[in-house]
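What follows is chain A paired twice: with chain B in the first complex and chain C in the second.
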Partner chain A sequence: MKPGLLLRVFALALLIVLLVAPQAFRDFFALFVRPTQPPIYTQGNLLDITLSHLMIVAIAIGLSTMVAVSLAILVTRPFGAEFLPLSRAIANVGQTFPPVAVLALAVPMLGFGTAPTLVALFLYGLLPIFENTLTGLTTLPEDVMEASRGVGMTGWQRLTQVELPLALPIILAGIRLSTVIALATATIGSTVAARTLGEVIIAGLTTGNTAFVLQGGLIVGVLAVLIYDSLSALEKWLARRTGRLTRADA
Partner chain B sequence: MIEIDSIVKTYEGVPVVDAVSMTIQPHTICAVVGTSGSGKTTLLRMINRLVTPTSGTIRIDGEDIRGIRPYELRRRIGYAIQGHGLFPHWTVAQNIGAVPRLLKWSKADISARINELLELFQLDPSQYRDRFPSELSGGQQQRVGVARALAARPNILLMDEPFGALDPVIRAKAQEDLVAIQQRFGTTVVLVTHDMEEAIYLGHNIAVMDAGKLLQFAPPKQVIGRPATPFVQELIGTSERPFRLLSLSKIADHLEDGDADGDPLPATATLRDAYSELLWSGRSAAPVEKDGRLVGRVSLDALARLAARPQ
Partner chain C sequence: MSVTSASPSHDRPHWLALDRLGVLITLILLSSFLLPFALFRANRILLGDGLPLLASMQPVAASVLLLALAFGVGAALLRLPALIKLAAGFGVLTILFIAMGLSAETLMPADNNYARVSPAAGFWVLVFGLALLVTDALTRLRLGPWTRIGILLGVCGAFWALLWSGLWNELSILKEYANRAPAFWNEARTHLLLAFGSVAIAAIVGIPLGILCYRVRPVRAALLNILNIVQTIPSIALFGLLIAPLAWVAANVPGAKASGISGIGVAPAVVALFAYSLLPIVSNTVVGLLGVSAPAVDAARGMGMTWLQRLVQVELPLAFPVILTGIRIVLVQNIGLTTIAALIGGGGFGVFVFQGIGQTAMDLVLLGAVPTVVLAFAAAVVLDAFVELTSRGGRRA
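For the complex of A and B:
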């Protein structure tokens, strides 16, 4: 087993123990608090909060992926080419808006809770996926595209059998980027009462409890690294399968 | 039969193919030769509607191709391109089965056809079926590309510089294979190339194009002997003409009676090969063998006569 993989398995194991039996780390986190403060966050179950955090990210990025990939497909078809600048602009706006501002604007419309957080993460996730899907669909090898027309595929067959499978590794890279951004950004959703790991961090900040901040931060950080790595590995595997990467590069 | 009738293609007012008319007879190889930018590839791509003509008509067996949906037309016509264009995410078997699958053949038929074609191209099915294109050599990729084009048994095969990316040895082998396959199946082949040597070797007829115009459309012998314009002559190469002429015929067709000394030459070799061999071995004549028997001789004198400009 490679040392890198070993390290990741170890990190995953630590994370699971921290989520399922946080009291096991009681003595470690006690180093960071005054004797009067609780070293482990107990106002909510850490595992539940983490799952809720992941769920919010998954739903938001799922929606971003659907919208961004569909948009990119539309604007790379001959009939949609004139909408390319417009759709780029829309996705860019989603990216330049600070997520906090989206939260502040969305709360009056959607109320407190999960909904405004979902909207912010969704908008934030659009651009990387959209840009990557565009890149993937516009940099396909020319002889392969020529051949797909030459063998008599219809437009739909070309899209589903050739273009999307070949662009998939690049699309996935966009999804990976958006997911990691959303994992971190979701923490601020706690300010509008979404159930995310931000809750733990904010509780720590307001009571001056460094151990809480550490717990929330560590869980988000380790999750981000693990998800990033597994998506990278999936991309590499796909890229090798689709022949866009030779064995030597991988 | 492919009838091309005053076909024109302009891009932004500039003609790329300019009023080209020609009739390609069934079961023949037509080699379209020209320099880059001569419009030869555009002409080829209009036959399977990858390019839409600005004006003019193309008929296949009498049927105007504008009446056939492009994707249906393309499934009926084999298409092989330079750099093969294999789908990198599909195995060799999936690549070859592409058109039959689009035509909704049964799985068993497709599988049988894949094996048949792999064997035809001397690729062991058990070894190559499940490989990806990136796991093949250049020559193997090219053969799979041609196999894919032939998979649905098309009557017509279009080839755009199919051997351009191959090294000379593999290239010669691929050309031989193409001739053998064309003779076996009687496919009508339209092949685009910039290499006059290839055109002379493969083509029953040669179409020479320059700047969008068809300069000459004739059998190789006539193109060599009676080039229509100075440009055609230049493409053939003035000093090469006698040798190109010799390369058109086999020894077997010009046997003389009698005997000669030295190693025999095979009757299947071209006259050009014979000429070269005689010069190199310093003989004035050589015996010719066919199926292990001596059947006659070939002499420098006769070859010199045959290399002269046809009257």
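For the complex of A and C:
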């Protein structure tokens, strides 16, 4: 994994330079535009836009995680067991909703701006996290559960000290999936006036400036790969600690 | 395959008990009365006035609807057999949809083509609550694949009848449709062509690639990594990035332009959708082939089959359900992603979504978004049923 790690540190360094001093890449991006077009996006500060993009994703996924994990805990307790098949069905149906449609349908209720994007990312982020938390909580090793009951743990103690720690790697895999989807979907939020990197890409699309499209796409792509990899690494470390395999290994 | 989950109804104490999910559904249905049922606007882009249920239709229609809703609440609250709950859910939904059409007919002023009536939050909350009732009944019934497809066809038929009867003609979304019916069907064709065409190409290319990855281990890691990275590129960027190279191909490769390749339009859309489709198809092919049981392959080898015979007659048929699952994921995903193709002139339902966003005309957004959701949902139901059918056949064989 050494060369891979080196490559990622290098990608991160390039990304930071691109965000802090975009003009340093002037000559590179000039290759993709006609001489009359600006090679670097200057209608907004790339760093600000990227931070705003990350912020929207972080808030949305943070909320999805809280709601999805609580719901999954609820339906795996005895008093919520009745809701388990239904919630599974809803999660399945929800996954067929295209993100653009969710975004577009949120606009009539919330108007233009960041709010519909947040809602769309939140809703779309719920399902993978919910599904994975369910998987994590329903596939716990039976002997461990038996032992925790045997030592006299209460339901709450079992949940916080046994079930959640054991399910954590799988929950994290869900969060990773949601985050990567949200990073890409947030770009579409620019069509409803949210401040995300989609702004740069759409500016490129409407003026026929490939360099803008490339900048926006590259930043989102590199961010997604880096975040995906760091979360995968965290998952593997946790999985090794708890001795469980994650879906990521498949 | 139909299973009755509750005991017969002469068992009074059993069905008289409260259904916990029913309580939730009842709360959802009741909360809808706090919200407006219909939205009236003087023209298509103005903000409208929300009207409560009782003010949005004739007293007769309103009382029939209220009665039906009370009946629905009863069916949800009691522990009745799932089949009865299902029938109640569908019945009340039908009445609700008809009532929405009647409400639009009542509210639309005569001789005024600018005014718009659309369903408001209260209507959607009612639909959601009843959909929960239906979904719960369906999950409890554990229907077989053919029955599920049958129900899907029935629901589609009911909707078609509703639209054909003209009951909904006064609703704003159908006013938007009436203004651009030819364009709608044109974009529908493009949408289907883009979504299904790209999946077909991806399957033709992806399954052999998957077989290659399965046989040659070093190729597997490298190819899957590359495809993984392609997935992280945001769709609008990938669509955009393909404009330049395809424009170059159109200008410099003889015959390319004549065959319809150009920088904007359908070509970059198909290529981008194809690129997104490859990973799930390739990786599911690999996973499916790896999952074929070793004794089956051994037996085939023992019978003296060549590797090609083993692949075609044993491994691929056994891996088929998993490969089909990959195709299902991709098809549902591409039906949604095709909306974005409209940004680069690729057409499809996205045209209406983005036009609507541009004009702040939300009914136009719905005209693009609703068919997309319906298509994606129908594709998921049908392919899920096929996956189940093929995996059963595999076990029997």
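Observations, loosely collected:
Operating definition for what follows: the second predicted complex is superposed on the first by the 242 of 250 C-alpha atoms of A that agree within 3 Å, B and C clash if a C-alpha of one lies under 4 Å from a C-alpha of the other, contacts with A are read in each partner's own complex, and residues count from 1 in each chain.
By our rule, a contact is a pair of C-beta atoms (placed from the backbone, for glycine too) under 8 Å apart; a residue touches a chain by one contact, two chains touch by 3 or more.
What you are looking at is a predicted structure, and each value in this text was computed from that prediction instead of being measured.
Superposition of the two structures on chain A shows chain C fitting alongside chain B with no clash. Judged by the touch definition given at the top, the superposed model places A:216 against chain C, while chain B stays out of reach. Contact with chain B, but none with chain C, is seen for A:241 once the two complexes are overlaid on the shared chain. Applying the stated contact rule after C-alpha superposition, one finds that A:225 touches chain C and leaves chain B untouched. When the two structures are aligned on the shared chain, A:179 is found in touch with neither chain B nor chain C. Once the two structures are superposed, chain B and chain C can be ranked by residues of chain A touched, with C on top.
Contacts of A:93 after superposition on the shared chain: chain C is touched, whereas chain B is not. Legend: residue contacts after superposition of the two complexes on their common chain; A:153 is shown touching chain B, with no touch to chain C. For the superposed model, the angle subtended at the Cα centre of chain A by chain B and chain C works out to 100 degrees in steps of 10. Using the contact criterion defined above for the overlaid structures, shared-chain residue A:144 touches chain B, although it does not reach chain C.
When the shared chain is aligned, chain C comes close enough to touch A:83, but chain B does not. Of all C-alpha pairs linking chain B and chain C after the chain A fit, the shortest spans 16 Å.
Judged by the document's definition of touching, no chain A residue lies at the interface with chain B and also at the interface with chain C.
Within the complex, the chain C residues that touch chain A are 20-21, 121, 132, 135-136, 138-140, 229, 231-241, 243-244, 287, 332, 335-337, 339-340, 343-344, 350, 353-354, 356-357, 360, 362, 365-366, 368-369, 372-373, 376-377, 379-380. The touching residues of chain A, counted against chain C in their complex, run 32, 82-83, 85-86, 88-90, 92-93, 95-101, 104-105, 107-109, 112, 180, 183-185, 187-188, 191-192, 197-198, 201-202, 204-205, 208, 210, 213-214, 216-217, 220-221, 224-225, 228, 250.
Taken in their complex, chain B has these residues touching chain A: 48, 50, 70-76, 79, 81-89, 98-99, 102, 132-134, 148.
Across the interface of their complex, chain B is touched by residues 141, 143-144, 146-154, 157, 162, 165-166, 241-244, 246 of chain A.
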